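Comments concern the structure below.
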Amino acid sequence: MHKDKIKAILQSVQNGQVSIETALQDLSKLPFEDLGFATLDHHRALRKGFPEVVFCENKTTEQAVKIMEKLAEQNVVLATRTNRQMYEEIKKSRANAEFNELARTIVIPYKGKEIRIDRDKTILVITAGTSDISVAEEAVVTAKVMGHHVESLYDVGVAGLHRLLNKKDKIEKANVLVVVAGMDGALPSVVAGLVDKPVIAVPTSVGYGASFNGIGPLLTMLNACAPGVTVVNIDNGFGAGYFASLINR
Amino acid sequence: MHKDKIKAILQSVQNGQVSIETALQDLSKLPFEDLGFATLDHHRALRKGFPEVVFCENKTTEQAVKIMEKLAEQNVVLATRTNRQMYEEIKKSRANAEFNELARTIVIPYKGKEIRIDRDKTILVITAGTSDISVAEEAVVTAKVMGHHVESLYDVGVAGLHRLLNKKDKIEKANVLVVVAGMDGALPSVVAGLVDKPVIAVPTSVGYGASFNGIGPLLTMLNACAPGVTVVNIDNGFGAGYFASLINR
Amino acid sequence: MHKDKIKAILQSVQNGQVSIETALQDLSKLPFEDLGFATLDHHRALRKGFPEVVFCENKTTEQAVKIMEKLAEQNVVLATRTNRQMYEEIKKSRANAEFNELARTIVIPYKGKEIRIDRDKTILVITAGTSDISVAEEAVVTAKVMGHHVESLYDVGVAGLHRLLNKKDKIEKANVLVVVAGMDGALPSVVAGLVDKPVIAVPTSVGYGASFNGIGPLLTMLNACAPGVTVVNIDNGFGAGYFASLINR
Amino acid sequence: MHKDKIKAILQSVQNGQVSIETALQDLSKLPFEDLGFATLDHHRALRKGFPEVVFCENKTTEQAVKIMEKLAEQNVVLATRTNRQMYEEIKKSRANAEFNELARTIVIPYKGKEIRIDRDKTILVITAGTSDISVAEEAVVTAKVMGHHVESLYDVGVAGLHRLLNKKDKIEKANVLVVVAGMDGALPSVVAGLVDKPVIAVPTSVGYGASFNGIGPLLTMLNACAPGVTVVNIDNGFGAGYFASLINR
Amino acid sequence: MHKDKIKAILQSVQNGQVSIETALQDLSKLPFEDLGFATLDHHRALRKGFPEVVFCENKTTEQAVKIMEKLAEQNVVLATRTNRQMYEEIKKSRANAEFNELARTIVIPYKGKEIRIDRDKTILVITAGTSDISVAEEAVVTAKVMGHHVESLYDVGVAGLHRLLNKKDKIEKANVLVVVAGMDGALPSVVAGLVDKPVIAVPTSVGYGASFNGIGPLLTMLNACAPGVTVVNIDNGFGAGYFASLINR
Amino acid sequence: MHKDKIKAILQSVQNGQVSIETALQDLSKLPFEDLGFATLDHHRALRKGFPEVVFCENKTTEQAVKIMEKLAEQNVVLATRTNRQMYEEIKKSRANAEFNELARTIVIPYKGKEIRIDRDKTILVITAGTSDISVAEEAVVTAKVMGHHVESLYDVGVAGLHRLLNKKDKIEKANVLVVVAGMDGALPSVVAGLVDKPVIAVPTSVGYGASFNGIGPLLTMLNACAPGVTVVNIDNGFGAGYFASLINR
Amino acid sequence: MHKDKIKAILQSVQNGQVSIETALQDLSKLPFEDLGFATLDHHRALRKGFPEVVFCENKTTEQAVKIMEKLAEQNVVLATRTNRQMYEEIKKSRANAEFNELARTIVIPYKGKEIRIDRDKTILVITAGTSDISVAEEAVVTAKVMGHHVESLYDVGVAGLHRLLNKKDKIEKANVLVVVAGMDGALPSVVAGLVDKPVIAVPTSVGYGASFNGIGPLLTMLNACAPGVTVVNIDNGFGAGYFASLINR
Amino acid sequence: MHKDKIKAILQSVQNGQVSIETALQDLSKLPFEDLGFATLDHHRALRKGFPEVVFCENKTTEQAVKIMEKLAEQNVVLATRTNRQMYEEIKKSRANAEFNELARTIVIPYKGKEIRIDRDKTILVITAGTSDISVAEEAVVTAKVMGHHVESLYDVGVAGLHRLLNKKDKIEKANVLVVVAGMDGALPSVVAGLVDKPVIAVPTSVGYGASFNGIGPLLTMLNACAPGVTVVNIDNGFGAGYFASLINR
């Protein structure tokens, strides 16, 4: 793709259509747009298969909305760590924006078209407790907006193993599993021992005392004794949903 | 599969072929073998798509060899964190055992048959420095023994970015990428920014001072600003190779 | 007991049998013996139900043997973190000393009498892997020397859950459970979810990378999501065996 | 218990009362109830000797109340980390709910019957300071609701040892001891040196500076030099009360 | 300079102009001023080439303003970690005070004269993301007030390497580079690999989970695999701007 | 003192004045008072030379005031980590209570008598910055209420060494030095290198980034390369003032 | 002292005895000696009341001996963290050098005169266990060489409180207490609760698991709930002995 | 430079001298050399002003020597963290290789020519203690091989401030300062307070206990209260010498 562009430039030089100086400039040009405070990466959709995602945690409502509007001109928009205020504001200009309060996401379909689920293999998102659901939902929204079929199985932690084992069929049918857990973070190890599919573990900051805002389950998951487990950052539902989508083909 | 077995037992009860007591015992029986110090998991090959792997770091040569011999009766064997002494010992009974000193692995093909590479998609294993190669080779051996085509690209860390960019074609052609780095651990972020394929990051304990035996690169990778990265334990080449194999289909 | 002694002293004062000065001295006297480098606590057997245990890790062979010999005059001796050299030395004067190389313990029965198992309830010691067995055996030896019936179940970690579930009967019959695990330390959570008996969790330093010599499993166990779990120090098999004995009545 | 159910199913198959398909379904059925956001574990009372406890810290008032109401239909309810608002809400439907502000617990007796204390052995809950009382009370409420006799002894830290030694009788009479301490966390070591009963140590986040929200006393307790001590998570009064109840028989 | 003063005192003693007692006092006199709560260091401008900077984070508005007023009598004033309230207050007495809300700085030019940019070599301040801009601006303001020419390049993190490579000319032309990054903190390594100029790395507390308020990027930068990188404290834009000014000659 | 009491009891037994039972009770009696939530230690003044100090951080205003009132009946009262609200409340019953807002202390002189400074040796309290003054003042108030002469020297950190060296006379005249510092915590090392008197170092949580709320200066002080330095907890001005008083004789 | 020297120089300038240039040089001259690899601080004995101490841990035998010999020319020598090899070497030139293997110290009396104990107040050095004795002995040797009367009390940890309480008289008679403990580090808190004298706490690296080479007891001691405790670095017996000597007057 | 090459390629395309395919290949070619285990970066000398440096810590003697020989063909070679064995080996083929045992470096001048010192401004390397000298010497060798004039000042830590102040002239004359310190790491703060030149702080792993292998001084230096300080990794003398060289112009 990149090579094709260079080739075209070389050909136009060969053909005498453009001067060397122009060719030099053409070679150095890369598509991005400067908003002053942010350098938008429009061609990421091309390069990475999905457009740039807006991480809103440290942004003002004004900044977040401005970036969303700009991106929405060229592609579907996914914004994470948003809040109701940002949603109220973007809705004014983009009426079809969708807010998921639990997942704290905003999705703006491109040119008003609904997100199409075009992959038939299932990504299964599992949580150990009810408090992990917010992080899990961020993974669900992310994978759906990337066109994947997603199912969920919540509150099936290892303290009551039968709840999990009872759903073994559902678990075995999934193609990729995202397992979200706080506290002891033991669930991904157990799940990975049951299946031959990749398990993406997401530690959450749910817990208290020696969970140390997620360090506890993070270490548990990195040390998972069952092979077939990788780990993303604490509370990083988006990262897990994104990675799951990359491998669900 | 499990269900089928239960069904068969129920049928033999229905048929009056076996007593209830016998059925009870049959239901509780699961295939594993007890060596006194280790409970071998023979049917993992079935359940996980690959037999149990022998982690030799805390085992005596005697224990390691005994487990390898037992497993070798039923399947291909992969042993990690081995050493030359273990190899010299197992070679006596299993002449076709293969030792990779750099990767510290022993592989024993099943019934003398060579490992067959039957997947055509490429797993690319990249390292930042030459000191990371040992960990990378563990990933390479693991993925190969699981039947995958593996290529490697070593010593292309971000301090000399052109070394990496120069191999962009190779990188873009890979289906899954394993990126191994110590010190600043920055390479997976950069690689993930270049491709739309899953990147499995492996922090290594290579470095000194504030690398803290791998904590430095581990945190870097968990915080990777490019989406599409997941992380395994420090120096866990095996885990990365195994996970890469699970998703390389 | 303490009160009785004081009472006796008061009575002899009342009777005029001893002077006040003598009584004062008697009141301050407490049974212990000074070896120069160690203050032996002979009456601990009385106070705690079991004599002082000799922790040999930071002691010279000479110191360890001297303390063992002194204690052996009055009671059964249990020494932990010993080595073969200490055993060879103590055997010269105490021929009936028993060395357990795996557990790294020395036991010297009192007056040559064998340790009697006089409690019929079972303490079950479980390990996740084969590398945890050394720590587990320290717990086994400790509980046995304290007169308890002990059974063990090794290498049944959560990566192959069926190995554990298959032994559910054995697990459910135990009165107290000691669960030893390194790496992800997930086993105690799972076991505690299956039974209504107390589970004592022992993190081990087995593992590598982010297990950080036992911090990983330690945190997992402190954060255990199943109630009924308490935790002892990393690799502290003795502490777990001792505590299990206290509650196995 | 579990075995009995399977036996019954097998017998009805043998008798021709149920088809194999029905038997298969019966075998896979396990009692739990799905609220959408929470999978209630009704048969935990059976399995663990006490019903599921509601941990309210990360739940909305609405979620907490809904779960409490559902559980109250089948058993006594214990909710921890609650607040006055949750209590006001549950009181509307369950007038006999009892709120303990200090312990932050809600208890709903089953079918209006008062909690019966039916164990005569004493669990003694001790604190080092007045600021540890809140955590201690959570342990007290938990043990009482599980039917145990509980006494308490507060503000007897090691800085004024006579306060503790003066209560030696009370301490020696207890069957199980829960010792709660923040700051230096030294009290459990001292108490365990005085008695031959199990001591459950609870570190609290009380303190400042180098107590690091409970890490200080947590490490002290894990390193307790007196045998007979195990540790639960920071501020985990519930866990200590639960474990104490398991062993107070 | 210091030596000259001593010499002058010695000469006046030699000349009999001053008594020994007076000379003793003169020798001990050093220029500083006591405000009760702060010891102002007026001659730092002399010694360090720039007057004392007011760090306002732990000061009351009243304290901050009083110090600023005092310092403003003798030199240009730079105050960091200020807020709008402090600005409103100082503006009353110093109308030419300049507030930079993003950088949280207040600058008061000396005797109403504008800050003069008198160094022609460029300090380039780069950020990985938009959330790092606040810290970057503190560096910019600091370097400008010290008389340096500063340019900036924001939101060019390694996740989209082309954004950075596209600006290679600007980067190569800079004399000193300040690189500000949170999350994985990988940008300084990459930038240092491209240029032969000193790179001052500033980790920021931007990020979540395993970024641990800046520990993540701090370690990454200390472990930078490219030579030519040094590191300042987390979020310390001022320190980076100051150091950059010292070396931009 | 304790021995004298026992002697008296023994004598009255010898004299037949009291029965053995009464003597037993007398021996076990120790002076303390129970407020329900707090066990006051009235005889600490005897044992430790100063009455119990009220640490108010985790107490309600009501609890704090009740304890202060009780203690005020028998001795001077020092309360630390208080606030204006507590002061307003205690003032109602104890009009002579003195509040120091900066130090966050309340002092209630005993029977209305002013605190008398009766030690002529000087305790010098030094701070590195103005933000450390609050902690320093807690030390000052503590030492004064214990009857010591205290002087202070604030904002003389090592960044402008002349400020410190200029006060060398004052520093050399002190009998004990309390040195309070946040950020790099380097001041105690430097001061201890200048004098032959004990230096008590107090790390403060002042700073940002890698100061980690006081861990930075705490480590610096523990590693002080000059002998003659000991360290108290982070922000523990009271502990430093108390210890300084113990040794200022 | 310093002032006197300056005065003398000024006077000789006034008298015309020395030129200004010479005076300048005289003022800048300070007594120290350069060995190439070490700058000896001969006048520390003057300034600090005790000569420079040689810390030998990171020095070669050759370096250590050379420094000891140089220092021995002017004063008594104390070297810490030495070993037998260094002793054998220094003995060749300084026959009266004394080696304490347990404390790992070498002492060389000045001009062959024995160290004189000239302070009658007692420094009491206490250890919790026998493994802490090595660190304690370093404190003992240090205080003795500084002329103090030292007593010791070893192996009286809190696990058997009676061992400590039995020695209450000895403890109460001491003027300064050094308390050395590893593992839970609880002893200083308990001792400080018994006396009104300063307690210097020394954490040791003795222990295992969660003692983390001394971090456990270090935190315990910093958080000591009894006032009157300060802390030195892990295993720093020298620092404790030195500080104890400074305050034992 | 890079642009020039592209220009040349474009011109030869324009001239018809090369085909587009050839041009494409030429554009992708970048100068590096593959040794199998290492990708040598020959044109770093061009890009960074100094050739690639060989970090030998994790390399076998064979690997290290092979890389050194290859690099020596094109430029001066600097190898760090070497040992005598590597030196003995490389000397065989490169007789002019220079080994610095203290600094653990090997330098191979290019074509036998001596390293020329061509910068007249001074880099001053200072250490706090004698144990820091090894790290300091690595900085000295690095800066010298890069052509700079270097002076050193060793063992002038803050415990004896006069040793440092006595050398104030030397310190003030330096253009760049590298300050190396372990233990409390306080020296860079003090030095930076004395001069108006950039200070590069190097924490060392010298020390014990709470120095935690360099974490202590690392934090001290990051928190340096004097502006003008930046920090490199623990024990990273090379990094400091390299950075100092970059700015010493």
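A, B, C, D, E, F, G and H label the chains in the order they appear, each numbered from 1.
The definition used in the following text is that a contact is a pair of C-beta atoms (placed from the backbone, for glycine too) under 8 Å apart; a residue touches a chain by one contact, two chains touch by 3 or more.
Just so it is clear, the structure is predicted and the values come from calculations on it, not from any experiment.
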item: Shortest path length from chain A to chain E (each step joins two touching chains); value: 1
item: Topological distance between chain B and chain E, in contact steps; value: 1
item: Angle of the C-alpha superposing rotation, chain E to chain F, to the nearest 5 degrees; value: 90
item: Furthest chain, CA centroid comparison against chain A; value: G
item: Which of F-G and A-H has more C-beta pairs touching across its chains; value: F-G
item: Interchain centroid distance [CA atoms averaged], chain F/chain H, Å; value: 50
item: Whole-Å gap separating chain E and chain G, where each centre is the average of the chain's CA atoms; value: 41
item: Intercentroid distance (Cα basis), chain E paired with chain D, Å; value: 54
item: Distance between chain centroids, defined by C-alpha means - chain B, chain C (Å); value: 38
item: For chain F, residues that touch 2 or more chains besides their own; value: 159-160, 193-194, 209-211, 218, 222-223, 227, 233-234
item: Chain-to-chain touches, reported pairwise for every pair that qualifies; value: A-B, A-C, A-D, A-E, A-H, B-C, B-D, B-E, B-H, C-D, C-F, C-G, D-F, D-G, E-F, E-G, E-H, F-G, F-H, G-H
item: Residues on chain B engaged by chain A in the complex (per definition of touch); value: 47-50, 53, 168, 176, 193-198, 200, 218, 222-223, 227-234, 238-240, 242-243, 246-247
item: In the complex, chain H residues that touch chain A; value: 3, 6-7, 10-11, 13-14, 16, 20, 23-24, 27
item: Contact footprint of chain H on chain G as seen in their complex; value: 28-30, 32, 37-39, 41, 44, 52, 57-59, 63, 203, 205, 214, 218, 233-236
item: Contact set on chain D toward chain F in their complex; value: 130-131, 133, 154-156, 160, 162-163, 165-166, 206, 208-211
item: Complex contact set, residues of chain E against chain B; value: 128-129, 157-161, 183-186, 189-190, 192-194, 207, 209-212, 215-217, 219-227
